[in-house]
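The letters A, B, C and D name the chains in turn, as written, and every chain counts its residues from 1.
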Amino acid sequence: MKRTLVIGKESQDVEFIRQDGVTTLVWDGVSHSIDIMELEPGCFSILMDGRSVEVRLDPAKSPDPESHAYRAMLYDGSYEFALVDPRRALLGASGGAGASGGLLMSPMPGKVVKLLVAVGDVVQEGQTLLVMEAMKMQNELKTHTTGTVKTIHVGEGATVETGASLITVVAPEA
Amino acid sequence: MKRTLVIGKESQDVEFIRQDGVTTLVWDGVSHSIDIMELEPGCFSILMDGRSVEVRLDPAKSPDPESHAYRAMLYDGSYEFALVDPRRALLGASGGAGASGGLLMSPMPGKVVKLLVAVGDVVQEGQTLLVMEAMKMQNELKTHTTGTVKTIHVGEGATVETGASLITVVAPEA
Amino acid sequence: MPVTKILIANRGEIACRVIRTCREMGIPTVAVYSEADRGALHVRMADEAYFIGPAAARESYLVVEKIIDVCKRSGADAVHPGYGFLSENAGAARAFAAEGITFIGPRPESIESMGSKTAARVVAIAAGCPVVPGIQETMADEALLAASLKIGFPVMLKAAMGGGGKGMRLVHKPEEFTSSLARARGEALSSFGDDSVYVEKAIVQPRHIEIQIFGDTHGNHVYLHERECSVQRRHQKVIEEAPSPHVTPEMRKAMGEAALKVAKAVDYVGAGTVEFLADIDRNFYFLELNTRLQVEHPVTEWITGLDLVKWQIQVARGEKLPMTQEEIPLNGWAIECRVYAEDPDKNFMPSPGRITYLRTPSGRNVRDDGGVYEGAEVPMFYDPMISKLSTWGPTRIEAVERMRAALGEYRIGGIRHNIAFHEALMEHEPFRTGALHTGMLDEPFWKKKGQGPDLKFAVAAALLHELETEHRRAAQPAVNGDGKPDAWKQWGRFNRL
Amino acid sequence: MPVTKILIANRGEIACRVIRTCREMGIPTVAVYSEADRGALHVRMADEAYFIGPAAARESYLVVEKIIDVCKRSGADAVHPGYGFLSENAGAARAFAAEGITFIGPRPESIESMGSKTAARVVAIAAGCPVVPGIQETMADEALLAASLKIGFPVMLKAAMGGGGKGMRLVHKPEEFTSSLARARGEALSSFGDDSVYVEKAIVQPRHIEIQIFGDTHGNHVYLHERECSVQRRHQKVIEEAPSPHVTPEMRKAMGEAALKVAKAVDYVGAGTVEFLADIDRNFYFLELNTRLQVEHPVTEWITGLDLVKWQIQVARGEKLPMTQEEIPLNGWAIECRVYAEDPDKNFMPSPGRITYLRTPSGRNVRDDGGVYEGAEVPMFYDPMISKLSTWGPTRIEAVERMRAALGEYRIGGIRHNIAFHEALMEHEPFRTGALHTGMLDEPFWKKKGQGPDLKFAVAAALLHELETEHRRAAQPAVNGDGKPDAWKQWGRFNRL
């Protein structure tokens, strides 16, 4: 099974092979024999090249459904990365994703306490669009898109879940 | 749902009713409204008559398939008991259970290190029939039946699992 | 005052902490819970539990009448307020007293006299406890400017009713004064409904050092040494320790005695904390007296070996303090990290949700005060504390190394948390050397770690997960032309599993 | 002697314990594992892990050559043996030395000189350490009887190569002598392959009190006070504590100095324990010197605040002991309960198997040294230790109450264990008052608890389980006349779920 490992703007190809009871990881073109066991749900013990590493894996929500985001906790710290099926990545490239680029989604469950923009407003990347409250803290949510506010999906006082659509900003046509 | 609660030689009837979102426990003829939640697999939080009790429940192996044995750990200590479906108990009584009474089963995974009896031997209740080893300890397994050794199901040196048949003793006809 | 059954008017880790001591003392406990908390750990641990209303605290945990009602129904004759919620509410303390219920905390008068920072300052000055040079009164704009010029810039503007850093402004020079004051007043008004502001000398690179005090109803007072809480983010404590790397034995004695002057001045009963700012020359200045058990009390318990909740209960029963000042131990060093459901990579955004996996560190000299369990919800309605992890060592660096190793054992699944942030702090040179000040985290030292040497292992686990997801998907119901699953095909696949 | 990477030639809780200290010291660790232990906690925690063969210890953990081979493959330059396995094997210590590998333990000569009880006794007498009155030589039957008459009955017959209570017989009067001796010799032969037996004065209601000692390669020796381990079942320790309720400051000093005489006589290096029997008049008698870290070392760590594994590593590196005798602290009291996979209701039958649920106690002054996790197998091949739970308090009774509360928090699913037995012990009056002796558990004080007040709750949980099992069964595949499931009916039921 081949995947493209994506961390930030960097990516590399990795391969994971299970055959005849032997598991192999291909990394940077080098094959490593690997002994991997899921000892508890989401907790893996991995022996590779003599090293023993325990990995706690959490699949994370990703804005792009074709890319699987992961968080991992290891003794030596935390890692975040995404794995993309190279076949799907091709499909995605030809199909034209990125339509959701201007959609601000809720990063947490919480309550919308203040809307700072109205439909039709012109906003800049990094501008705060609304304020949400969760756990006694107010949090400013900012847009990553410069453009015009097209839709406001929630009202002040609304309680929303993680991933809820909040505000859509449309970038000007290139 | 009705069950007979069996602890040692004592028993009493209990009833558990779930209706219209209300759960009721009938105990000693008294109905108690009960708020019960399984918060983790096998871990229950129960509120009844103002009291809050957390129960860790383990279904246990029972020699009698019609009787369900349980072990429970609470803050105030451990409990062991069995629940019997009164309908099945009736069936059992008419059918004639107890045939397995003379079967000595392995109470743990381990290794048979010594057989102390042979087929045809006459044995007394409480007599040691074999010695098993587990966790660096030797354990003497005794029979609860006075009678004659009919079958020896294992050989010395055998490794057996919990519940494995070891030796069948037949009581003399009454 | 009898204390035979205690209602804990709180939730989360502090409620569980109090229950543990009550169990040791053989005192039955009563929990209260909101709609969001039926499955919370404190409900599971208490001997009794009563529902008190909606998730919002102002409709449940903060409603004194509901707490009193549960006391009556359960027969609880004492209330432990924990911290936050009703703990520093003089009105609540009076209401409990009126019903004959023992409030495990100071007298209402002590709470009131320490409720406003300016009033507390007046008490401290009268008691002979040093305060930050400044004018203890709130004044009009011009008078504040004149006072600031007299004290000398830099100065700090502070909301009289404030707390948590809101309504606070550092003013470096006279030219900035007018605009800073306007912003301070605005924040004070919106946060506390009162725009009164006063001015103080600004301490550069100040350290937050506090003294744990205790008083009984017989007029005895002792201090249980200091804690340093200078590691703060947005004026919120992140890491606490005891003792302080800045404090010498002489300074400890001087601070302890200054704290007791304030305690005696208000005839303080129970556990309290006198907060000071200290400067680089070891001058220290009274800030306020927190009239409750602090979040960070475990570090004091580590170095003294004492149980502060037990002392609170003993004092509430009218017993004398069990030790004199000379008998209070001071052994080794303790560090505490606050483990929060928040995302350090996204500006510490709160991260409520379900904890899908939990493994807490254990072993020698590690203590975890948690309020959650595997499968528990961290509700969005309350503060994001998951647990307080504390460690002890004979020396500070041993406590730090123990903490670093313990953080490595901590595993939390399902929500974001700040374990990695604490791990980075344990390796942050200014922290390791003890060169602390309250602004030390303002310059962003925290950056998400890039590819470390064990990335291969993390990716291998994810690849196995991808492979198994693909296999599971291959075994999913196939779909007919009409969009409905083909039952026979489904059955075949089901059988193969 | 460099110690830059440590192979831990052990498993279970002690391997995990050693790894924790190595992590704090920044030393990489190498685990070894048998076929039964691929998923064991020590493998998960170590930085490296190597397979060393079948489950049976004599084919894996006890094979010195395999351990040396892994040292070479991994580059480990030191071996920590834990307790048991190779820890008191002089041959193994020599083999490691021959390969240039540092053995974290005493010199092989010290292990050898303490390997036989009679030889150890000779050393102790020569060093001026009191021993139980008796004849240190093994002799023929008639000579033993004569010696017994001279010492005076009651006497104790002991196997020279013995341990763990095997080959030991208490003889009350001369008439019983011959038959008791025959049985002692028989047991000694079958257990140790050697029927040599010696005779000692029998101490009535003796207490087992031991002194933790430490030596370095520079000739320095200190004692870290005593532990009492009188709570035993079949001569196996069940509960340990430090200090001992029987020991006065004068007795502590006398015992410590006596222990150091033996240590100096064998030029002892590293951690060791001198075991004594004490009688009611506070006379004490040397029994043996255990040349390893003891299971119960955590109680000593609690009262001294020290890390004994860290000291072992420092001494192995050739460093001097970090403290002099006067500097060794003694704070408060600590208790340890050994949590075993065994069934106290069935004569303590071992109960290996899968741990389906695990919640360990936490909070103030509680330490759990575990070797398992939820989902782990407790293999049938090794000792049944699940964890060592220890607590600390400023006084003995506070440590006991903390333990009682902590045991109440412990939850283990899937296997039998002895938590309830320990809970009963914490409420056992002779234990609470500290009136301990090694035979105190011989009279069966433990009886399975009958119906307690919370039985209703336990049964309610089981009834919900019954109800849900019935519902699940109703949703199971129906069976056709031919005994095969009806796929369509199955599908319908599947959809309804």
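Basically, a contact is a pair of C-beta atoms (placed from the backbone, for glycine too) under 8 Å apart; a residue touches a chain by one contact, two chains touch by 3 or more.
Only a predicted model underlies this, so the values are computations on that prediction, with no experimental measurement involved.
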Quiz prompt | Of B-C and A-C, pair with higher C-beta contact tally | solution = A-C
Quiz item: For subunit C and subunit D, what's the span in angstrom between their mean Cα positions?
Solution: 39
Quiz item: Which integer distance in Å separates the CA centroid of subunit A from that of subunit C?
Solution: 31
Practice problem: Please work out the Cα centroid separation of subunit A and subunit D, and write it as a whole number of Å. | Solution: 48
Quiz item: Touching two or more other chains, which residues of subunit D qualify?
Solution: 23, 359, 373, 408
Quiz item: Could you say which residues in subunit B touch two or more other chains, in rising order?
Solution: 40, 51, 75
Quiz item: Which of the chains are touching one another, listed as pairs?
Solution: A-C, A-D, B-C, B-D, C-D
Exercise. Spell out the residues on subunit B that touch subunit C in their complex, using ranges where they run on.
Key: 35, 37, 39-40, 45, 47, 50-52, 54, 75
Quiz item: For subunit C, which residues are in contact with subunit B within the complex?
Solution: 23, 31, 38-39, 43-50, 73-74, 373-376
Quiz item: Inside the complex, what are the residues of subunit C that reach subunit D?
Solution: 16-17, 20-21, 23-26, 298, 301, 305-307, 329, 331-332, 359-360, 362-370, 373, 392, 394, 398, 401-402, 404-405, 408, 487-488, 490-491, 494
Quiz item: Can you list the residues on subunit D that touch subunit B in the complex?
Solution: 341-343, 345-347, 349-353, 356-357, 359, 380-384, 408-409, 411-414, 419-420, 423, 448-467, 470
Practice problem: Sort out for me which residues of subunit B touch subunit D in the complex. | Solution: 1, 3, 5, 7, 14, 16, 18, 25, 27, 32, 34, 36, 38, 40-44, 46, 48, 51, 53, 55-59, 68, 70, 72-81, 83, 107-111, 134-137, 139, 162
